[in-house]
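Below, subunit A partners subunit B and then partners subunit C, in two separate complexes.
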Partner chain A sequence: MKFYKSTTLTFKNAHVLGGYTVAGPKENAGKYHGKFDLALQNDMFGQKTFERAERKMFEHAMDGALAKCNLGHDELDLICGGDLLNQIISTSFSAKKYHCGFLGLYNACATFVESLIVGASMLNNGLNNVLCVAGSHFSTAERQYRYPLELGVLRSPVTQWTATGVGATVLASQVHKPVPKVVSATIGRVLDYGILDLNNMGAAMAPSACDTLLQHFSNTNTNPTHYDAIYTGDLGKLGKDILLDLLLQDGFDASKVLHDCGASLFFEEQQTYQGASGAACTALVFNCHLLHKLAVGKYKRILLAGTGALMSPTSSFQGDSIPAITHVVEVQA
Partner chain B sequence: MKFYKSTTLTFKNAHVLGGYTVAGPKENAGKYHGKFDLALQNDMFGQKTFERAERKMFEHAMDGALAKCNLGHDELDLICGGDLLNQIISTSFSAKKYHCGFLGLYNACATFVESLIVGASMLNNGLNNVLCVAGSHFSTAERQYRYPLELGVLRSPVTQWTATGVGATVLASQVHKPVPKVVSATIGRVLDYGILDLNNMGAAMAPSACDTLLQHFSNTNTNPTHYDAIYTGDLGKLGKDILLDLLLQDGFDASKVLHDCGASLFFEEQQTYQGASGAACTALVFNCHLLHKLAVGKYKRILLAGTGALMSPTSSFQGDSIPAITHVVEVQA
Partner chain C sequence: MKRISKDNYKSYVFQKMPKSSHFKNMFWAFVVGGTICTIGQGFIELYKIWFDVQMATALASASLVLLAGILTGLGVYDNIGRFAGAGSTIPITGFSNAIVSPALEFRAEGYIYGLGAKLFQVAGPVIVNGVAVSVLVGVLYVIFGGLF
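Up next, the complex of A and B:
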């Protein structure tokens, strides 16, 4: 695979002060059971609509992250993030509670990593505390992107299950104790390999993940053995296998270190086929799992590769194939 | 009006290398007639769907901006921008042509100014050339946000007309001749004054414009007399009047310098009522008009205040009021 020339940004002071996760009931019944800060009993979260529930999850995750980091609302300089709903209403509406700046982002399921990149860049620009947030909700995404839930459409074996969850991370320029740091980032390009099957997101996104990872390896003069773990976003099991094959074709054996947030979320018996998808995947796994591994020294150096499929129902109806994007950040303990 | 505490970012090297505009036929029949780099004869632009036409406008604007700045595709480090379509497909799909990083943004009609802020920040982070882009299309926006065009719904006298156009700006860290510079930016917060009338966007957004402008004045120790012009995004005529009133209540008379990109786009007889709206407003007026005024020295110091209404059809159907956001950049000759 021929990679492209993209700069890898470096950050001196992008400390990960802390993170907070809100997850749905099915997610909490999965492999990360008990690791979420808040696990919902019911994905309606006491609201009248799924969209309101998703919004409330964002509010809780953002408030929770600030509280966990002992930060008041007035100490926050910026919120950056997004979600999968049209006009990213979950993030925009939940940001109303805060009296700080807001930058709305959208790179589909790569949005969480995009928010870490924009957030870390804003610290380089002089801000002190930035909240990065992203998430998704199975029931809002399903009816917006696919079919009404009530229709009970049979799912293809290559499909994934949109994860219900929100993850929020506080990046801070100054800290009083040692915390993990976002040290560098490679911003991905939009790549389209002509995949038309909306069920098979893993196949659409795997070449993009390979592309940005190769670029990051090249720019930082590293290879998979330099990292304790490489977590992709939501390639799913099939997409992860495709990525391993693609990397191997370029001479990189990542089989020992590669994980996929989406593929790692559910147990086989939860019948999600290829695992989870959605903006929640990276946001949940980074904040509930990876930050802990970094904090206890189990991981010293990892890559988080947010993967996103950039189509819309309209573009698919009009016959377009699925473009994908992957952003990579390197986080060190 | 009580303003909030938001940092104003400063940029040392955010040079505006050049800009390019593509505008629809109705827009070119308006007050900026003949000033657009490319004016369409027909808003289908030779495509089968309005969405494909909008995408082609993005491709032309981006290619045009690079060509005007004598930059090859390989000299571009990053594209950042967005549009009004669900999942910002116009921007994402048009970015496929470029082999550089892409950051998708969404702050509704404030997206163009958001892209200038993120772009200028990325220059501070070490990138050399960044393309900032945003736009909208009357026919795609109308059917996505309001009614099918074929329905011929009567319009309320407080409505505006979504502008068809795309504007692209190249920001560069190094230049060989004197060009305008983005010197500072204030990122706005999400503000909701409880406006429920989807026709009256100006009323929903004016308090937000006032809020961020007051914050910018305070942080930079300036007032309206320090600027040759202050251009808001798409408040329309009514929204602009509301903003003037709000500013006056806080002791600032901006009547001599305040313009609104949307209100300035069409002639009265073009029957757009309050003028234009849409992400195209700031993107067009900045690139076709303001850059020229700055280049010839007519303007030395201006503010561009991108205004956005962050609702979606879903949020409105569920009874939510309209939150708004305004980002401000200061550009000097």
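Up next, the complex of A and C:
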């Protein structure tokens, strides 16, 4: 079978120096309780608007990641990242206080993995320290993509809940101790399987996740058994099941290693139906959970597949279906 | 990826996805919608002690609107709507919720371009279509009214 024109990038010196997470109260009440560096008591974070709260979360995550890695502002070469708000204001505004280069990125909920790929590539190009960041906020995303918060509407059983959180990761070309490394990445293509239902993002994104994963397996001569874990972004429970089916059609059984960051964030009784969604999912789970597992040697080799649904409210109102994208990075202990 | 056609994929997804339980939704819509209407009737009976029927009905509607507005502000109404569906949308309280929730939401963008512009974000289409259909029915009544 023929794959699309894409190669898997390899990185020699993309060390993951450290990560920092800021999570909302509902997220901290979920399955990763207590693992976040900063858990908010209130998702307003002492601000007047939710947008400003999201911005403050970005600032805290970025400052926190630098402090955790003992890096000063002047040692940082580049910030790359994004969020879900129009014109990615949360990331851009919070990058104001840094005097280094800034690349604003948008691939919806795949933004965090995209930022890791861009950051790792920049290290290949001679930069020393790059900060990769992404996040989302339930209350800002909800009103941009759906309805006002307090509007009483029936939720479909296929819906997901936008996670509130920001994750920041420092990638460095030189390190003094052994740390996990981003070793390769496969950049995905935009795929549209004609799903129109805005609630059913998992179904819209699953074919894209399958496509990029298969591409990565083919380019690196691997299969799911070579990895300790494969984490997709925010497919949710339904999307994850669909992905397992699609992979199985191509002869890959990933049921033992496949996890979904979004589906793993909340407990059943938190009533988020298919689980979490949003750019925060991968950023939170990678920085609060996966980095730890890699550090203690529980995982040696993992894949992180950021999944993004690339529609906007305008495109959806105009009747267009939902295009999706997935990028994959391989991280080794 | 083995090419699954868009149509096949859509039908596969449809068969795979969890369906909402119509019976459960209808049950809660009936219970909540019925409760709201019973409360409304309660208000009418109460106001009838002091006012005539027409006045009592208007006051009851106003009371329901006020009550739903307060519940929206307290963050309760959306929790009711999450399981009650049409049961809490169709009564006049749903209209109140549709006005108050954008008002709360967009106050942050100021009173003119925020609240003023977005107040009817949800209720606007209901009003526009409601008026349009009323005009249509009115015209039909003028033409065929004599027949009945």
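Criterion: the second predicted complex is superposed on the first by the 329 of 333 C-alpha atoms of A that agree within 3 Å, B and C clash if a C-alpha of one lies under 4 Å from a C-alpha of the other, contacts with A are read in each partner's own complex, and residues count from 1 in each chain.
What we mean here is this: contacts are C-beta pairs under 8 Å (C-beta built on N, C-alpha and C of every residue); 3 or more make two chains touch, one makes a residue touch a chain.
The model shown is predicted, which means the values in this text are computed figures rather than measured ones.
*Asks:* Return first, second, both or neither, reflecting whether A:Ile195 touches subunit B, subunit C, both chains, or no partner chain.
*Replies:* Second partner only.
*Asks:* Regarding the shared-chain residue A:Phe102, is it in contact with subunit B (first), subunit C (second), both, or neither?
*Replies:* The answer is first: A:Phe102 touches subunit B but not subunit C.
*Asks:* Who wins on subunit A residues touched, subunit B or subunit C?
*Replies:* After superposition, B is the partner touching more of subunit A.
*Asks:* I'd like to know which partner A:Ile325 touches here: subunit B for first, subunit C for second, both or neither.
*Replies:* In the superposed model, A:Ile325 contacts subunit B only, not subunit C.
*Asks:* Just checking: does A:Thr49 make contact with subunit B only, subunit C only, both, or neither of them? Give me first, second, both or neither.
*Replies:* In the superposition, A:Thr49 contacts both subunit B and subunit C.
*Asks:* Under the stated touch criterion, which partner chain does A:Leu154 make contact with: subunit B (first), subunit C (second), both, or neither?
*Replies:* Only subunit C; A:Leu154 stays clear of subunit B.
*Asks:* Just checking: does A:Asp74 make contact with subunit B only, subunit C only, both, or neither of them? Give me first, second, both or neither.
*Replies:* Only subunit B is touched by A:Asp74; subunit C is not.
*Asks:* In the superposed arrangement, does A:Leu127 touch subunit B (first), subunit C (second), both or neither?
*Replies:* A:Leu127: touches subunit B, not subunit C.
*Asks:* Considering each complex separately, which residues of subunit A are in contact with subunit B in the first and with subunit C in the second?
*Replies:* The answer is residues 48-49, 51 of subunit A.
*Asks:* Give every residue of subunit B touching subunit A within the complex, in rising order.
*Replies:* 4-7, 9-10, 48-49, 51-52, 74, 77-78, 82, 85-89, 92-93, 95-96, 98-108, 114, 117-118, 121-122, 124-127, 144, 186-192, 310-315, 318, 320, 323, 325
*Asks:* Could you pull out which subunit A residues touch subunit C in their complex?
*Replies:* Spelled out, the residues of subunit A in touch with subunit C are 1, 48-51, 143, 147-158, 193-195, 200, 203, 207, 210-211, 214, 238, 241-242, 245-246, 249-250.
*Asks:* In their complex, what parts of subunit C are in touch with subunit A?
*Replies:* 1-2, 4, 6-7, 9-10, 12-13, 16-20, 25, 72-73, 75, 77-86, 88-89, 94, 97-98, 100-102, 104-106, 108, 121-122
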